[in-house]
Amino acid sequence: MAGNTFGHLFSVTSFGESHGPAIGGVIDGCPPGLAIDEAMLQRELDRRRPGTSRHVTQRKEPDTVEILSGVFEGRTTGTPIGLLIRNQDQRSRDYDKIKSVYRPNHADYAYDQKYGFRDYRGGGRSSARETAVRVAAGAVARAYLREQLGIVVRACVTAIGTRSLPIEDWSAVDQNPFFCAAPNQVDALEADLIQLRRDGDSVGAVLQVEATGMLPGLGEPVFDRLDADLAKAMMGINAVKGVEVGDGFAAASQRGSEHRDVLSPDGFGSNHSGGVAGGISTGQDLVLRVAFKPTSSIIIPGETITRSGESTEMRTTGRHDPCVGIRAVPIVEAMMALVLMDHWMRHRAQNADVTPPSPRIPAQR
Amino acid sequence: MAGNTFGHLFSVTSFGESHGPAIGGVIDGCPPGLAIDEAMLQRELDRRRPGTSRHVTQRKEPDTVEILSGVFEGRTTGTPIGLLIRNQDQRSRDYDKIKSVYRPNHADYAYDQKYGFRDYRGGGRSSARETAVRVAAGAVARAYLREQLGIVVRACVTAIGTRSLPIEDWSAVDQNPFFCAAPNQVDALEADLIQLRRDGDSVGAVLQVEATGMLPGLGEPVFDRLDADLAKAMMGINAVKGVEVGDGFAAASQRGSEHRDVLSPDGFGSNHSGGVAGGISTGQDLVLRVAFKPTSSIIIPGETITRSGESTEMRTTGRHDPCVGIRAVPIVEAMMALVLMDHWMRHRAQNADVTPPSPRIPAQR
Amino acid sequence: MAGNTFGHLFSVTSFGESHGPAIGGVIDGCPPGLAIDEAMLQRELDRRRPGTSRHVTQRKEPDTVEILSGVFEGRTTGTPIGLLIRNQDQRSRDYDKIKSVYRPNHADYAYDQKYGFRDYRGGGRSSARETAVRVAAGAVARAYLREQLGIVVRACVTAIGTRSLPIEDWSAVDQNPFFCAAPNQVDALEADLIQLRRDGDSVGAVLQVEATGMLPGLGEPVFDRLDADLAKAMMGINAVKGVEVGDGFAAASQRGSEHRDVLSPDGFGSNHSGGVAGGISTGQDLVLRVAFKPTSSIIIPGETITRSGESTEMRTTGRHDPCVGIRAVPIVEAMMALVLMDHWMRHRAQNADVTPPSPRIPAQR
Amino acid sequence: MAGNTFGHLFSVTSFGESHGPAIGGVIDGCPPGLAIDEAMLQRELDRRRPGTSRHVTQRKEPDTVEILSGVFEGRTTGTPIGLLIRNQDQRSRDYDKIKSVYRPNHADYAYDQKYGFRDYRGGGRSSARETAVRVAAGAVARAYLREQLGIVVRACVTAIGTRSLPIEDWSAVDQNPFFCAAPNQVDALEADLIQLRRDGDSVGAVLQVEATGMLPGLGEPVFDRLDADLAKAMMGINAVKGVEVGDGFAAASQRGSEHRDVLSPDGFGSNHSGGVAGGISTGQDLVLRVAFKPTSSIIIPGETITRSGESTEMRTTGRHDPCVGIRAVPIVEAMMALVLMDHWMRHRAQNADVTPPSPRIPAQR
């Protein structure tokens, strides 16, 4: 309830600062019997790890995850799963100069107003480093969704700055440093990012995240709709400023006759809705888009104030991502998986006795 | 936990179907001593009431709210506030023909897959009628925010279909049937809507919702960020497909040097962030935009299936809004107020001992 | 979260003061398809209704319950069930004299310290009248438990004051005004109660509450153990001061060899545990005992203070139960049913995939 | 929601099995600015540590706690506090023989029925080892209660088996291996325990736990009453079978004129209520008693069944406490502190604006 737990029946409670001894978390409610090991979690963590290409932060963090409980003889037991990731590259000396200055567009001022206190070592709790815990927890949810329900979650980058990256080939996503599905844009992106680094600036991005093989019936109206919980999950990721489901903002300028997804025994005629109606999944693919703002830490100096309210100027140095959206692909996937897993459990808690009355139609004809 | 409660410390639990005996709700956690009466709630309800102009549904519902508990001698007592709104215009006979057919783009199919059951009387629980309860509860939250904290929440329609409605004059919003702040667009909108009705079609809309006079410090990272909970609140309103905070999707194509809100002792230099940093309010105005899809119920026939899976065609008649976004202004205001109230209480629960260390800077210079 | 919601997946949110317009509640999370009507709820309400014998309060309240939502064509739909009970016998004039005096052993002083406010009309929210909502909600849970799982909940009074009432005949419980299972104690009890009324005094009671036909596996260690949630449910009833499970306090003076319930293929050898091990139901009968203090409202004058802190004397007149435990039988049953229903749903949310590995043994050999 | 989180605003989420790599937890919601270090937590942990006298289990566990986050420069920051205690004395080979047998009166059978799975290494999650996390978290709550509010929590053993241990001298509690306040019973207890060990048997105990310096106003009726949440907290401790507040079960045989605590400007006249009225603290000392059953693990053989349902006999060897109640003193203290801290935060969330109208009377005259 103090904001560090996500989910109700399948929940993850997260702790840790970027430059403290460790980050970690507790997954509670995982069904027993699921095959899980550290290598599975590590694979997902490695995808968001810093230092994997020259277009992301060069901070060195192996991000090695340890499972402390809840798994016995290779399977989950139904008891809470403790996760631990020790911080290695702490270098807290780097941060002495920001101790009494609020970095512009960072959470520094807001945190200090809230808590009267600020762990100034690299953003402390407000650092995106904490999302590693979400990725590890998401890996457990993804394993269940895939193995028990056949639901697959995937994401890619669809825009970096003003460059659009159409989804041409999902298999390309893990083959390029930008996690995009537009392989022939990769060279141009390389050039963009090199120029950006020269300018000492940063840029925003858009990601698309989807679930295929969906079940109908997930979502708890009227408030805990599936799309509402997904919107919260995405907007709760560092740097996110917008979320849309299906046609999203484009739907606002459409007419009803254009927007609707007609139904036939062979499936839905289209997927303008993005897979949700009345807050409940329809069985269509779940489709969201998420907007990331440009990284706040840039070399170009900016006007700001000190902790005692005096005017000063700030120039962030250090090892920062020029585009935080790039490393966010495993994070949006993890958050979607956590939402789906929780809603699956909520759904079956109430509706396990139900036999739906009619043939289930395909996702799309 | 079954989805009909919103909020944690200031919560509203909602019940009721569009064509059952009543809708209503319970507000729990309201601070004692707040001056409240039925007239205050009624004023807000009247703003979203059907039948107030020819551009909204002509269903006749007085929407009279009764306070059943929690208020004594004109003030809240700290105990739960029971709210009741009897349904008047039930006409359930109108709905017989949709009993065994899934209306396209409605929640009918998804509800039936979930519960194995469907209250086919006008959408039942999935009807937007339920939002009246949110508006009534929001009126209580708004009273507290305004009187105790000086926070004012307001919203307007900024686009209907392809027509943009710039915010020129907030005082105009309640003076025109479209709740827009662009008085000289009203005639053009009248014409748009008349044509739309002739076409038997519907259209989407965009709303902007803001809070001014904000406090810094509201929001509970890492998951229950203020922007995340606002995104959930907005995406949880019927027909919403997109939410953005501050620059929103536009931020994705900006550079860091362009997006950042610099700080000076005289205030923030801009408000690209929309009033939130790291998930915590900064004291800047809170600014969100919300996209509504076009109304699903239109006269133009659409392909669909019956409950037994056979192909058929559906043409929705009846008294429907051609643009559901129009009547949503009090709803988005109510949801923002509910989120702020809950976060205020969560904030002070943990941080009531805190003295923020530095001068609080103005919302904007 | 402000204390008026009980349960997580099957929850009841309660509102209402003893002398306001109405009391009521919202059941959220009820599985769809359950046959429910107002008569079923009314039958349970009638068991706790005032004025049914001369040994309980003579306040006249028909306690007629209305179902406002969530039931369609005689079955639950899975949406929230709104319940309404109008107050009839409000007589708030009776309470003018207690307006500025704290009745001894009542909640008056504590409420005023908490809220700075007190609805002095008959205890307001602290009145046991609110338990009618629990009884109505419990009736829904009991219907599900009985029909879907074969679990039956029952309770009786096992002591009134110093008189022990052994459980001899469960079928006698609803046949005597004391809800006891000791038919040949009824005459003696009549005499006790008449004497008590002459003395202007009140007396405490002990109740036993059980569930038979139990499933093993209910309970969520380490904190939300079945026995822990039952203890909370019982201690949360007005006037309760003690709860014990199985042998309870007697277990403290037992030896391990005496207390343990051995297992054989034919069943457990005894039921010292009261049906719970490690916080999880074993399949044995669930057995609790609950201690009720004597009614606080008595005619014998008592020393107290006024709202401004001056010494005074108070003599409670009016229509009060001489032994609040007597009418509590349907309340303890309702609370046990609510706990079991919630835990059943929590259990299957996580463990619906599980096949227990071994033969289930009988409750007792 | 899967049972491993306790508390709402000040919460602790616990993980870990007795013979896995570690146990630990996350405290969320701790107010910022509180002085905390590992030594403070360690002091409390040392009180419940095994092997400190010959009357408790001889398992060797240093129980060294590490704070992983949420504390910076010696003070809490308001972010989650990660706690880690590595298991040292795992010896899982000891447990091979119980792999396929359900130990009588243990949670083995119930766990297996619930999860279809059992971590048979020493009870796994059902081991009382997990309570170390509660003690560490309780130490944080106790520090806040003592320093910010002047509330002190304390407990002692008041009966072991049939031997009553009157509260004569609170200062003696930490000076004898039985945590009792009856110094001249210590020799007799030594003799009792030696005989018990010779018999290969175990025995139950009663503990009393109190809070002095209480504030009035804590507790959230109607369901989350202070006494109800305390009952849950206590009944949720391993081996607890009964809880009573104030006079408890004795109140059931009292008359109203005897039970009531009269009020005067000089304080309450008595404390039959145990410090709670209507579920809200009165300012009187909070007084509870908790009954612990005898340890289940005894040398005397007992009838039981195997995992495949066959009859067998079980004789628990190993290093077990002959009376689990003895080491439970810091646990009941921790649980009371956790409840009080959470209720303090819930209370001020809603009521921070309130000025109680009347002079606050002393705890007792």
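A few points about this structure:
Every chain is named by a letter (A, B, C and D) in the order it is written, and numbering of its residues begins at 1.
One rule holds for everything that comes next: contacts are C-beta pairs under 8 Å (C-beta built on N, C-alpha and C of every residue); 3 or more make two chains touch, one makes a residue touch a chain.
Here is each chain with its UniProt name: A, B, C, D = Chorismate synthase.
No experiment lies behind these values; they were computed from the predicted model shown.
Common partners of chain A and chain B, by the touch rule above, are C, D.
Taking each chain's centre as the mean of its CA atoms, A is the chain most distant from chain C.
Simply put, of C-D and B-D, more C-beta pairs touch at C-D.
With centres taken as mean Cα positions, chain C sits 38 Å from chain B.
Rounded to a whole number, the gap between the C-alpha centres of chain C and chain D is 26 angstrom.
With centres set at the average Cα position, the gap from chain B to chain D is 45 Å.
Of all residues in chain B, those that touch two or more other chains are 1-5, 8-9, 14, 29, 32-33, 78, 114-117, 125, 346, 350-351, 354.
Within the complex formed with chain B, the residues of chain A that make contact are 1-6, 8, 14, 102, 104-107, 109-117, 125-126, 130, 159, 161-162, 196, 199, 201-206, 216-225, 227-236, 238, 240-249, 251-265, 269, 272-274, 276-283, 291-298, 300, 302-311, 325, 346-347, 350-351, 354-361. Those residues of chain C lying in contact with chain B across their complex are 1-5, 8-11, 13-17, 20-26, 28-29, 32-33, 66-70, 72, 75, 77-82, 84, 114-119, 121, 124-125. Those residues of chain C that touch chain A in the complex are listed here as 1, 8-9, 29-33, 78, 148, 345-346, 348-354.
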